């Protein structure tokens, strides 16, 4: 997860120049076509956008494009659907914030698709752009892997109201699928956080600290994906445009609620991360205290003893104790007494 | 208290599919019916929603459902009362934020019911959904335990204005009962915080720190339950809908005031927790200082003494002091003088 | 100052049930009556609210009630002046936030009266409720002690414009007296903070830390008393109600300015408290450094010396130095040289 | 710079009672009169406000009053110009926040005049009140020292547009002079901050810390002077009142920009102060580490050596090494080997 | 990068007096002229503003002025184009915040041009002012170095829509070029932050800390350049003025998106810097712990051993062990046993 992208390679080019910004990708762009109404659903692969046609209402057409690095394909879409050059530029620049831009006859919607995937740490971020027309949707993804399979399944099977509804409902279904996946990502992060919490108490190490900060930065990435989405979905919900039917708005309100739940969870995780950091720091200090207590106890016991031994190791001629038969055992007894006294003292100070 | 729920098991399902999200529950769903007007109040158990009827005004009907894990019962309610599928989905998903959703002929209200319970630490959170119609209320709880008994008592006895008022007043009474319980939960947390405060000064340990962070996280959960409630209750108070009579609004304003008092108390507790953390950290450092002072005092006194003893333990042939009769007692005197000097020095530095 | 009140004892009671929440009080409730116009002012004690009458305009009547724990008296007022049950409930519940509630023919205003009093630390908080009618004011205090004496004096003497003005001006005069006292409380806190600041530099101890946090919590209480007052007074100033004459609004704007000055001072004190905490922590660390420097200096000087003494205390047969006449003085000289060298080293490192 | 003023001495007095709050001042109040139009400018001293007259338009009259502690003079102004009693009260109370109050035929404007002055640390704060009429300005300062000399010079010389413009432009010129001086104060603070930054790295001491916190508190005072000014100047700029001509508004927009630049600089300085505090704390810790490393190195080298010397200082009869001719040199060699080994170890750990 | 400028040298001058505030510059001011329409583009150098004419629409004229320290040139522009004196003052004062000021027949726009340049650390900030008329743009830069070369190239070549569009589109193109460069600056900062992150873990030193704080302050400078730009560009986008054509607004919306992306990145970097500071502090503490562990281990092992050696170095006559043949080897064995025991103890405590 790079926090700073290579956005700068665009600098100086005229607006509307398509430059792919994002992870390097190879492989051909694939175009999948869904045409459906209440009674039919036809699914097909299309080789290129040139010969695409959008059937008349009430048929809804969903054209899903995987791979945005082939700029000629995107440009062909732009010509075929008469899209604004700036919009095309946004599609191929994966550094967009989630947003909704209204154009005259269509809407442009950008969201961030996350998936926890099979990686032990972190998650993958991918940008998905939607173009919503009155009876069609174009969707552009970075690669062929997505979270839309359940939506396709519902289209094929005709379960639920999806086949009876328009393109606005399809847009809802796709965004809802994206937001649903956020919960999975957050669960994975919650679990990692919990294991970090344990590690921090058991054995705090700089590596743990690094992991905590990594998690914090990932939460930041998530936040940047979700906060603007709130505004964007709210804009759809409140919209007066004929592209969004009144009956669909209640569904967008539902997505809006989910987005807010996600934000709540992110903020809670962030606060918890801060708490874990606090525990890390203070458990480091606690350990330091423990170490220094040991040092002090050892020093405090042995320094006086060694000093006494030193006294009777002096070579003065006139030291009467040295010649006494009881000198040695008495000194040993005295040393034992001092040791016991010290131990009692430390016990009382609760250092032992 | 899990901060991250198993919300993800819903992902990919069509909207309106009922999936119970929340703690595993068993046991049958029970339905309790209250029908009342100014002069009568009838209370009964109903086996299933099919044969429910709502009496004409001015009779008010309150149908209280305990247990939302039996999805067929919830679906039957949906059919019987013509409820929106998304609303049903929200009822059985216990991860909702408190909110008020307006539908054409009814309102959907979600609140979080907390009770301090008999647990030594923490509290229980339960989601309660209300559906407010012009002359009826449906309420859905997670289990049979609730905070509504005083309301039921007032309905039975006819005390107060509750039997003279409509369903909007009943909604107020129920929400008021929920909010009233928040104060109990906060009092329990306040007491725990006070005992933590004492523990932190007396004997700061990592376990104490953990307890502080636990409390902080619980306050976060509370905050998430109460902040959105403020907006929701404010929406009811300002509403122009015929479902809320003008005379009832003053009561919702009262609930609104209580919610704000709760928020105030939560924020105060949060600031206090931060203060306790500060005291924890600095009392750890203070103890460290104390330990190191002991170490330094001991070292500073005995190192010079041991050195002097070492001097006279050397085996040089020509050390005139060794042969003097006063050598030994003078050295001992010197050592005593050094010790006293050191003690005076430490006294002046206020280390003793 | 308890941060969490016993608000929970109300839980479950029907709304409008009077329950006194606040400090336990004894002693009878006293009712004082002021009736005045431009030319007269009559002051009298009234035994009970039953036989109270409000004289017609332009006479203004101020009924001041001290003691809100006698619930029957409050209820009698409610009947006599036709007050809303929820309002009565708020009067006897001392956990209200400052607020202004508009009712049909009167306003309900709550403020927090603070006085620094004769206590060395902290201050007393008391709730005062006002009911503003077109030509009368009811005021309810927790006990007989208040900050209104100067207002009474002005009423008796007829100085200023108070006797020429209506009940709205009296409300202004009373609230102004309350806010004026805030400055006294803040001055007392400012002085305590200054003495803490000195203590922190001179001799930082956990007790000092506790005092700092106590002050911080008191500032929090003050904040909670003053922030909502800002909104409340602003509401009065902007009000279109006939209860507030246009000529009086300029006075409420003045109170509003004072409230904002109070808030400014509170925020400054809060920032200063944070600064004092920082100084506390870092002066603890500084002292630790000083202690450890002493330890290191002593150890670094005496360890090598003791080692050298140990060398010549060894019992090898063939140690030529031991038999030299200059051995002992040369070793002593060497030790002195090492000591001086160490001292120069420490001087250069600025440890001495 | 006292953060808490003696505002409390006003408490209990009727509104409109003049009480001077601020630094004790002596010396007579002086009144300076400027009367000017495009072609003339007359400057004169006036002994008292009684015989003041304001010439008819297009002549503009500026009456500048230095010294607000002579309450009878202020009261005479109040009578002569028919000013509201609360306004007079505000003039003599130097604890006002910057603000603009609109009265029927004039405006009341308060700003804080700062000057870095010749003091090595800190700055002086003085309150200046303006009363803006259609063709006159009254200004009230605490003492005779001010930042208005360049404005007077422009009036006398007739340079710029000031003599061609009305009283609103004069108000602009005076406020602009005040705001311009803020930059000088900020530059002085910036320089002090820079020297603190160096001190913190070179030799962090509690005195430095105190200086940092002093600067922080001064920034707080500045903030309190400038933030409300932003709102006040913005109010003038947006005003629809005939007192502010449209052609003058662009100048107030310019002042507004300067105020915002000042706020920006204050916030930057505040963030820098926070950074300096961080560096202070961590350079303290760094020094602690250095000291403890020395301690550890000395201990680690000499403890084993002293132990070895102790071994051969034992008085056992049967210690064959003692009688060997190579015993002593071999032990010395061994000690040298241990010392070198330790030094290599510390070198590798980067402690040396 | 000085945080406090020499703004104060302006203080006391009448408004509209031109004073150059900013870095000292020398060298003549150069004026470059572009005149273009859809079919032609003429580029020329102009010696002085006096003989400049603006061709009639549809020709667009761009006059680019490099060097604002020659105040007579700026004044000549002011006379020639009838510009407001305050505007001229703003042009030559490089301490402006980014803003858009609307005047009657033109707009004044200020932005901050940054370039990472070839400096290893930090970046250069330069102020650029634009004056947008219906068919011309004046631009004022501090020196001849800028980021507008790609725009000039597009004008010359006629690529894109720039030659077909009006002066508003040219303004967009210039601001877009400025904002595009921000991404380069941010990338450079991101890389420096990453290398600091590594340094902090590998070898935390006060110099590293200084670098971190330098970066933090640079981010603050950037923030101050970009935050107000957001508002300014938003103002252009929402404007109803005829100077901005409807078809150009979509491009300003695009710039607005880029500005918000920049702000997002800045905030992310700021949070990361905070994280790096945390890691710095705690890795310092961790190292302290490591050092003290070594100290404690050494002390704990050798103190008891030295004490035992001291015991048998005492000179008592009656010490039977001394005469035993096994005394010496047994004592050595005992010492070895103690050492091994200690090592096991430390192993268990995970100190080794």
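We just call them A, B, C, D and E in the order they show up, numbering each chain from 1.
Please note the rule applied: a contact is a pair of C-beta atoms (placed from the backbone, for glycine too) under 8 Å apart; a residue touches a chain by one contact, two chains touch by 3 or more.
All of these numbers come straight from a predicted model, not from anything done at the bench.
To fit its Cα atoms onto chain E, chain B must turn through 145 degrees, a value rounded to the nearest 5. Separating the CA-averaged centres of chain B and chain C is a span of 26 Å. One inter-chain figure worth recording: chain B and chain D are separated by 42 Å, centre to centre, where each centre is the mean of the chain's CA atoms.
Annotation for chain D: residues 285, 288, 292, 295, 299, 303, 306, 310, 313-315, 319 touch two or more other chains. Judged by the touch criterion defined above, the protein chains form a single closed ring in which each chain touches exactly two others.
In the cyclic arrangement of chains, the order starting from chain A and heading towards chain E is A, E, D, C, B. Interface residues of chain D, counted against chain E in their complex, comprise 147, 149-150, 154, 159-162, 172-173, 176-177, 180-181, 183-184, 186-187, 189-191, 201, 250-251, 253-254, 257, 260-261, 264-265, 268-269, 271-272, 275, 278-279, 282-283, 285-286, 288-289, 292-293, 295-296, 299-300, 303-304, 306-307, 310-311, 313-319, 350-351. Chain contact summary for the complex, chain E toward chain D: residues 3-4, 6-8, 10-17, 84, 86, 89-90, 95-97, 99, 101, 203, 205-206, 209-210, 213, 216-217, 220, 224, 277, 280-281, 284-285, 287-288, 291-292, 294-295, 298-299, 302-303, 305-306, 309-310, 312-315, 319, 321-325, 327-328, 331.
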